[in-house]
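Shared between the two complexes below is chain A, which has chain B as its partner in the first and chain C in the second.
Then we have the complex of A and B:
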């Protein structure tokens, strides 16, 4: 029985390590994109990669990782629950925030789109 | 068995997670300082806040202290509030009322 629990810990550990590694790589890619992309509306793409791929995925990884860490004692269930809740908060909140900021930037004409081929919204709204 | 979860995790955090996040936070910070417009700066700030959120979750395992994770809640919600306030200010040129 105890060896089975030990093996389950190893399985959880490697799932968590994989998700965290994917998240860290996504985050580096997103930061390079945010720095190199030419315009605000293109950078928005990199920023949402950084928030979903670079935060939600690795926080779920941390939650699974925490379950396997027996050296934490009963604290590991607390870390698991909090991490899942934080991941859900970011998952729902990050797209809303980036959509709001893009809408405000477009409508207030703070950022005028340069690389757009056809702007139907500008034609309709005037 | 020769493999210990604890030792591997400590080395993994120290030699992989910390460098990756230092690199990405530095690049976000460059965009935050350079950013030609206000929305660019807000995007970079939100990304830094979400990163710090994940980093704090990881550190709560690293330092074996579960209470560190409570600060991550505030960070996640703070970035969202910053987005909404700046969006409202840009569009309506006023806050509240």
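Then we have the complex of A and C:
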């Protein structure tokens, strides 16, 4: 029984490490995109990758990692719960932030869209 | 070189007094502002002499920079002379010259002795050791505070009076801000009635509004958690209250301040709650003194007849009075900040109408 729990902990540990690494890779991609993309809306897309892939995923990874660390005692459940809650909050809030930024930029017409293929909003609002 | 430090301290305090007198007596508003800035500089030198460098770093930009700029901007809108000026340039010049020489001497001395000057690190170190080893020490119950969080224990037990004065300064600032806007409700009520008639929804898009409603609840829960756990984990009353205010602020941005007023955040209620919080803090601090102990007494002390607040109630650790202080401080801080933001969010035209300034 104890060996099974130990193996389960190993599995959880590697899942956690993998998710955290994926998050780091997403962060690098997002920062490169933020620097290299040509236009506001495309850069906003890169920023969203940074906030979901680069923040939510690694925090869930940290939660699973904490669950596998038995030396933390009952505190590991506390860390797990906190991390999941933080990840959920970022998951809710980050898209809304980018939505509000994009909407403000579009409606105030401070950004001139260069690479727009099809603009439905303009057709609807005139 | 302690002597130079003390000479400079006494000198700067005397000059501060003289300059304050001159600020009050001068008839020219612009000169009053300049003198007030000089006074702040000398006061920050005095603070530097008593090694409160963190306060100097805040005090200098605020008192010399921001205050002066705000006052000068306000004076530009009015006349700056009351009556013909009585000259006292020589006194000011002399004071500033002597002060400048002393400051240069102090800076040179500081650089020569390793940039920090005279530091009392070895004298103060035992104090930190005392606090860390005794905040929750069963074996020396005459010094313990029954709170495992050393910072909260220090703030509300070892130097509770100091914290109370800090809070009083904060509420003084809020009272000053409210005094500026004191008849705003009378003018602003008409606007509120107009807004209630409007069918159009105010605020940002539907997505933002919906999520802000959810996040408001989450922020409130986290703030209450920070305030209630202040005696166990990092945090406390002020932090909890300041976190709570983010919620109403978010509502104000996403759903407009009229929505915030409609769900019950009104000036009068907030003032009432804030005053109740402050009175509760004062009562919790004073009850031990009324029962024979001393002010801000938390636990039982052998030299005081008061039995002390209980460290736990029914297996829930509350650290005596620290829990109560945290809760009431959170209420008072949250409502105080809400008040400030509500008052500041009133459109400019209304308080310009109030102050009878042409827009």
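We take it that the second predicted complex is superposed on the first by the 116 of 126 C-alpha atoms of A that agree within 3 Å, B and C clash if a C-alpha of one lies under 4 Å from a C-alpha of the other, contacts with A are read in each partner's own complex, and residues count from 1 in each chain.
Note that a contact is a pair of C-beta atoms (placed from the backbone, for glycine too) under 8 Å apart; a residue touches a chain by one contact, two chains touch by 3 or more.
In this text the structure is predicted, and so the values were computed from the model without any measurement.
Colleague: Consider chain A as the common anchor and indicate whether chain B and chain C clash or fit when overlaid.
Modeller: Chain B/chain C on chain A - fit side by side.
Colleague: Between chain B and chain C, whom does A:122 touch in the aligned arrangement: first, second, both, or neither?
Modeller: Touch partners of A:122: none, neither chain B nor chain C.
Colleague: Check whether chain B or chain C contacts more residues of chain A in the superposed model.
Modeller: B
Colleague: Tell me which partner A:71 touches in the superposition: chain B (first), chain C (second), both or neither.
Modeller: Only chain B; A:71 stays clear of chain C.
Colleague: Taking the superposition as given, does A:93 touch the first partner, chain B, the second, chain C, both, or neither?
Modeller: both
Colleague: With both complexes superposed on chain A, which partner does A:21 reach: first (chain B), second (chain C), both or neither?
Modeller: Touch partner of A:21: chain B, not chain C.
Colleague: Determine, under the contact definition given at the top, whether A:50 touches first (chain B), second (chain C), both, or neither.
Modeller: So A:50 only meets chain B here.
Colleague: Should A:114 be classified as contacting the first partner (chain B), the second (chain C), both, or neither?
Modeller: Once the two structures are laid over each other on A, A:114 reaches no partner at all.
Colleague: Figure out whether A:83 sits in contact with chain B (first) or chain C (second), or with both, or with neither.
Modeller: first
Colleague: Which partner does A:103 contact after superposing on A: first (chain B), second (chain C), both, neither?
Modeller: In the superposition, A:103 touches chain B and chain C alike.
Colleague: Please provide the least distance in Å between a C-alpha atom of chain B and a C-alpha atom of chain C in the combined superposition.
Modeller: 5
Colleague: For chain A, which residues belong to both interfaces, chain B and chain C?
Modeller: Dual-contact residues (chain A): 89, 93, 96, 100, 103.
Colleague: Under the definition above, what is the set of chain C residues touching chain A in their complex?
Modeller: Touching chain A from chain C are residues 204-205, 207-208, 211-212, 214-215, 218.
Colleague: Tell me, which parts of chain B touch chain A in their complex?
Modeller: Residues 5-6, 9, 12, 16-17, 20-21, 23-25, 27-28, 30-31, 37-40, 42-44, 46-47, 50-51, 53-54, 57-58, 60-61, 64-66, 69-70, 72-73, 76-77, 79-80, 83-84, 86-88, 90-91.
Colleague: In their shared complex, at which residues does chain A touch chain B?
Modeller: Within the complex, chain A contacts chain B at residues 9-10, 13, 17, 20-21, 23-25, 27-28, 30-32, 34-35, 40, 43-44, 47, 50-51, 54-55, 58-59, 62, 65-66, 68-72, 75, 78-79, 82-83, 85-86, 89-90, 93-94, 96-98, 100-105, 107-108, 110-111.
Colleague: Flag every residue of chain A that touches chain C in the complex, lowest number first.
Modeller: 89, 92-93, 96, 99-100, 103
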